[in-house]
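Two complexes come next, and they have one chain in common, subunit A, joined by subunit B in the first and subunit C in the second.
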Partner chain A sequence: MSLVLQAAILGVLTGGVYALMASGLTLIFGVMRIINVGQGALVILGAYLSFVLFHNWHIDPFVGLLLTMPVMFLIGAVLEVAFIRPLKTDREALSVLVTYALALGIEGVLGYIFTANYRELSVWYDTQSFPLFGFRITLVYIFGFVLCLAILATLFLVLYRTAFGAAIRATMLNRTAAQLVGVDVERVSAMAFGIGVATAAAGGAVFGITNAFNPGSHYDLISRLLTIIVLGGLGSLRGAIIAALIMLVTTDVASVIISPEWSSFVFFVILVGVLIVRPQGLYGVRVRERI
Partner chain B sequence: MRKPVSMIAAGFALALSACGTSGSTSGSPQAAAPITIGVSVSLSGDFSGDGKALQQGYDLWAQDINAKGGLLGHKVTMKYADDASSTQQVVTNYQTLITQDKVALVFGPFSSKLTIPASAVVDRYGYAFPEPAGGGPAVFQQGLHSIFFVQPAAVEDNLVSYANWVKSLSPKPNTVAYATEDDPFTQPQVDKAKSLLEAAGLHTVYYHVYSSEPIDWSPFALAVAHSNADVVILGTQLPDALAFVKTFAQQHYNPKTLVETTGPDQGSQFSDPLGKNTEGIMVPAGWTPDAKAYGNEKFAIEFVAKYGGQFADISADSAEAYSVGQVVEQAANKANSIDNKALINALHNGTYQTIQGPMSFDSVGKPQGGVGVYIEQWQSGQAIFVFPSNVAAAKPEYPKANWQQ
Partner chain C sequence: MSPTGLVRSASLILLAVVALAFPLLVSDPASTNIGVFTLMYVGLATSWNIMGGYTGYISLGHAGFFGFGCYALGLPLAHLHVGGGYAPFFLVPLAGLLTALFAIPVGWIALRTRAATFVIVTIAVMFMLQLAASNLIGLTGGTGGLRFPNPGWSGDVFNDPFYYAMLGLAVAAIAASWWIRRSKFGLGLLAIRDDEDKATAVGVPTRAFKLTAFVISAALVGMMGGVYGYYVTYVYPEFVIDPTIGISMVLMAFLGGLGTVTGPVLGALLLEPAQLWLAYHFGAIRLYLVFFAATFLLVILVLPRGIVPSLAVLLRRRLALT
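Entry: the complex of A and B
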């Protein structure tokens, strides 16, 4: 029983990290109605930026976020202006191809600079843990989870307590109407893309401490992130968080109760079940479109 | 909802078909390049680290053979095609290399997973298929006459030395936990070790197979830690090899001995993330830079000169790839031909010297009568041979040192 409880706690903690990575993806979809297939590659880019700071200047990955998040925000905004904004026709479909091309480009550049060797951020606390009710809780997962809570709380504050957040939400609700009432939707889009990419930097730092990564690690990652935002409901931040927790808790618990072989299957049963009952996902909104 | 759904579908399709991407890169062109040898390597995807190491080994062999005047006088150019670690793309690559690029010879890719589909198509075109990394039982069960696994022993026997060592311990440990990827390279090794140890009376307290691309390895490692087994045998590649060790250290779980099928043999890629916690971890290994095998010293010196680093950084993958070239060179000399049919016949007869030791092949390409696979253990920051005693550079550390926090 203690193993099940421990797996559930582990699922919640790692779920927080996935929630952070998926939050950027769902935010970008919400504002711009595009699926950023490059989000996984941007997470890995974030992990490499943290690795560079840590390896060369011994800057702790969590502290390094003060540098990497603004840098990634700028990279995101530039990518939006350079590659997404020029898409004038069939933007939703074309953006999938464009962001996929971005992912391949990022993988290629990272491979050229860092080679295909696996890296990991070996911080002093990555093997530290403390006892709690008879089992051990890992420090790095606690740090990661607290970071995720802090960033997600900031995101919610920005979205619901600032004028810029109101502009983002207006754009998410109805891009044309927002434009009509004076919202500069192009600026909002660039900023939202930048924020989405900045969250990838934070997710990447934690991912890089808890997992070995190389430039090709983004393929597995983006598949999982897409699954999370589909379950949570496209464009829903709350949905992404809940779905990430469901995904990690069910797979972790199933792997210790049933078998590791069945862990992913149990989650996908839940995913299919939810989509049958709520095709729009847990917190998604049904949208009627005129054809 | 239609558009978002179709976009998600497209996104998934693209993510899943990462394997579908290919790129082909040529080796360094030479003025006179009478023959080209084609290889599908994993330069992206899960096996990209191993793929790169394989390519380095092949390139170094090509450099050496050209310095000696070529393969039977033919200057050699290597041509690589990236298979993105995909079982579909590897087939396409060999088809393209053989039918469009018309390469004279082909060498094998990384892993049993990719070698199995590749070998079927290569065999269809009548090419010899010497390969460095596909040694799972399923490779030989195909019954192909054209495949040659250039390692000292079939993969399923990799942990036999380890099992023999565990059986020789006094007092004998009581319990064993096994976890392995569902991979044709790792699982047969773990299964064979399990059958040997169970027959010797060791009690299995945990055995599970897991997907090679799980969302999170930590719960599997947690479950192994909860089993509190004396002996832990893991069928891993590098990323999960690291993840298991870290989780064990976090959980303060100290098995008396721990062996991993791959990962600890990857030099600094393994030791950099783990630091002092590599101490005592074991890995089956057929090659070490210090072994006194045919041409090994020259290989190690040249490798470091060409790619930098230290001897300890050389991946066994590179040594295995280099051995493929050595075997083909000797077979070509023996047959006095680089014709594939002649090479296949030559390779089925006689013994070939490699930096991994001497080896010969049975009718389905399984290595015969080789030196066997030994056990390496990390001691004081270096992986060294510890078993069997006739090749050991040091005594095995048992029980393994506790993790450092």
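Entry: the complex of A and C
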């Protein structure tokens, strides 16, 4: 029982990190109606950026975010302008392919520079633990959780308390109407894509500390992230956060009760169940989608 | 027969002769190997197009059916102790049937969603299969892999039976695609692509049509997966349920022209030899992924409608001028 409880606590803490990565993804979908299949690869890119800073200049991955997040924001904005904006027809379908291609490109470049060897960010708080409700939790999970909470809180503040946030939400609700009342939707799209990619940088730093990674790690990651946002309902931030917590708690508990090998499978079983009962996800609205 | 019909028939016959005679004309194994893979992708892209091109439902998880078919052939071969030679080829339809049976519940669930969600579900199903194949060690051998029987043919003609098997499947896929495109069923699929709600409103049984297209497409891909497994003789989950296989067939269909019969064929004929060449020269340093991604981006940004439809537009304009 105590093992299960410990797994549940760990699930909540890692769920926070996944919530952050998934919220970037669902934000991009909400604003632009596109699915960024490259989000996983961008998370891995973020992990490698943190790795380079840490390895070459001994910059702590969490401190390094001050550098990597703005860089990743720029990368995201540039990618949007260069590859997503030119898509005029069939955006939804084509954007999936374009972002998939970006993922492969990033994987290829990372593989060329860093080879396929697994890397790890070995920081001191990866081995130290902290007592929490009578359990010893590795510090990095707590740091990661706090970081993600802080970023998510900032994101919500920006979305609900600033003019720019209002522009983003307006674009999410109705792109054409937002344009009519004077929102520069192209600019909002580039910024939203940048923000989504910046969250990948933060997620990548934590992911890199808690997991060994190589350029091919993004496949597993993106399938989890996509499952999370489908479960939460595409375009819903709240849904993404709750779905991430549900997913990570169930998989971590399942890995204790059933076996670690099958824990990811639970993920997909939940997805299938949700699709049968509620195809639009937890917080999604049934819309007439066209492809 | 009209002049264009005559040209079409003549070029078809020429193509058939070249395809049949290829292993006799070019006998070195390196070239016939390219032939096997190119034909496989002709078949894969064509099969994918039956679902993705005609109905507009983009599946990025067809590599899952490819791998499923591979195991659906390999496991009976291993458990029934079937020897090498030609016998495994006769079990390929069985692999197709099993893949079809598997695709029915998958399609039923996945097709409850549309557009972007459908894409995600297909990706999830693919990874679910990969995970299951890795974990069901007692059945599949897990990550340790699955060995097919040794065909026992000598090196210089080893590729030829596989070449003709892939040719047969590719022709079957093209025939199915061509027939569907001309049938009332195909018209229904195209109506779904253009506007599903209107199609339902005018009485197209959209759910049944979508599921049928999905299952046909998956079964064909599964059979090619089976032959592929026998050809490479040793497979493991991450190798055969490889997302890049799934994305390659999509790219080829896009390059040639989505929703056309000839488009995916042309796309595969152009891209697969190029891809093999790149993988051969740059595969060790993984840079081929970058080339692949670059081609992909170029195709989508420059030719979003594909070669065949773009050429058709060009030709029509030329004809209209004269």
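What to note about this one:
Keep this in mind: the second predicted complex is superposed on the first by the 274 of 291 C-alpha atoms of A that agree within 3 Å, B and C clash if a C-alpha of one lies under 4 Å from a C-alpha of the other, contacts with A are read in each partner's own complex, and residues count from 1 in each chain.
Assume a residue touches a chain if its C-beta (ideal position, glycine included) is under 8 Å from a C-beta of that chain, and two chains touch if they have at least 3 such contacts.
Small disclaimer: the values here were computed from a predicted structure and weren't measured.
Once the complexes are laid over each other on subunit A, subunit B and subunit C cannot both fit and instead clash.
Of the two partner chains placed by superposition, only subunit B is touched by A:Leu10; subunit C is not.
Once chain A of one complex is fitted onto chain A of the other, the partner contacts of A:Tyr118 are limited to subunit B, with no touch recorded for subunit C.
In the superposed pair of complexes, A:Leu66 makes contact with neither subunit B nor subunit C. By the touch criterion stated above, A:Asn211 is placed in contact with subunit B alone, subunit C being left untouched. More residues of subunit A are in touch with B than with the other of subunit B and subunit C. After overlaying the two complexes on the shared chain, residue contacts for A:Thr89 are found with subunit C alone; subunit B is out of touch. By the document's definition of touching, neither partner reaches A:Ala163: not subunit B, not subunit C. Judged by the touch definition given at the top, the superposed model places A:Val181 against neither subunit B nor subunit C. Looking at the shared chain after the overlay, A:Val98 reaches subunit C, while subunit B stays out of its contact range. After superposition on chain A, the subunit B segment that clashes with subunit C is 9-17; the remaining candidates among 9-17, 279-287, 297-305 or 387-395 show no clashing C-alpha atoms. Counting contacts as defined above, subunit A residues 29, 33-35, 37, 92-93, 96-97, 100, 104, 107, 111, 116, 215, 219-220, 222-223, 226, 230, 234, 261, 264, 279, 289, 291 meet subunit B in one complex and subunit C in the other. Across the interface of their complex, subunit B is touched by residues 2-3, 6-7, 10-11, 14, 29, 33-35, 37, 40, 92-93, 95-97, 100, 104, 107, 111, 115-120, 122, 126-129, 136, 138, 211-212, 214-216, 219-220, 222-224, 226, 230, 234, 247-248, 251-253, 255-256, 259-261, 263-264, 267, 279-280, 286-287, 289, 291 of subunit A. Residues 1-4, 6-8, 10-12, 14-16, 18, 21, 43-46, 48-49, 51-52, 84-85, 179, 182, 208-211, 213-216, 218-220, 222-223, 226, 238-239, 242-243, 246-247, 249-252, 266, 269, 272-275, 277, 403-405 of subunit B are the ones that touch subunit A when the two sit in their complex. Partner subunit A is touched in their complex by these residues of subunit C: 56-58, 60, 109-110, 112-117, 119-121, 123-128, 131-132, 134-135, 193, 195-197, 243-244, 247, 250-251, 254, 285-294, 296-297, 300-301, 304. For subunit A in complex with subunit C, the residues that touch the partner chain are 29, 33-35, 37, 83, 86-90, 92-94, 96-98, 100-102, 104-105, 107-109, 111-112, 116, 215, 219-220, 222-223, 226-227, 229-230, 234, 261-262, 264-265, 268, 271-272, 275-276, 279, 281, 288-291.
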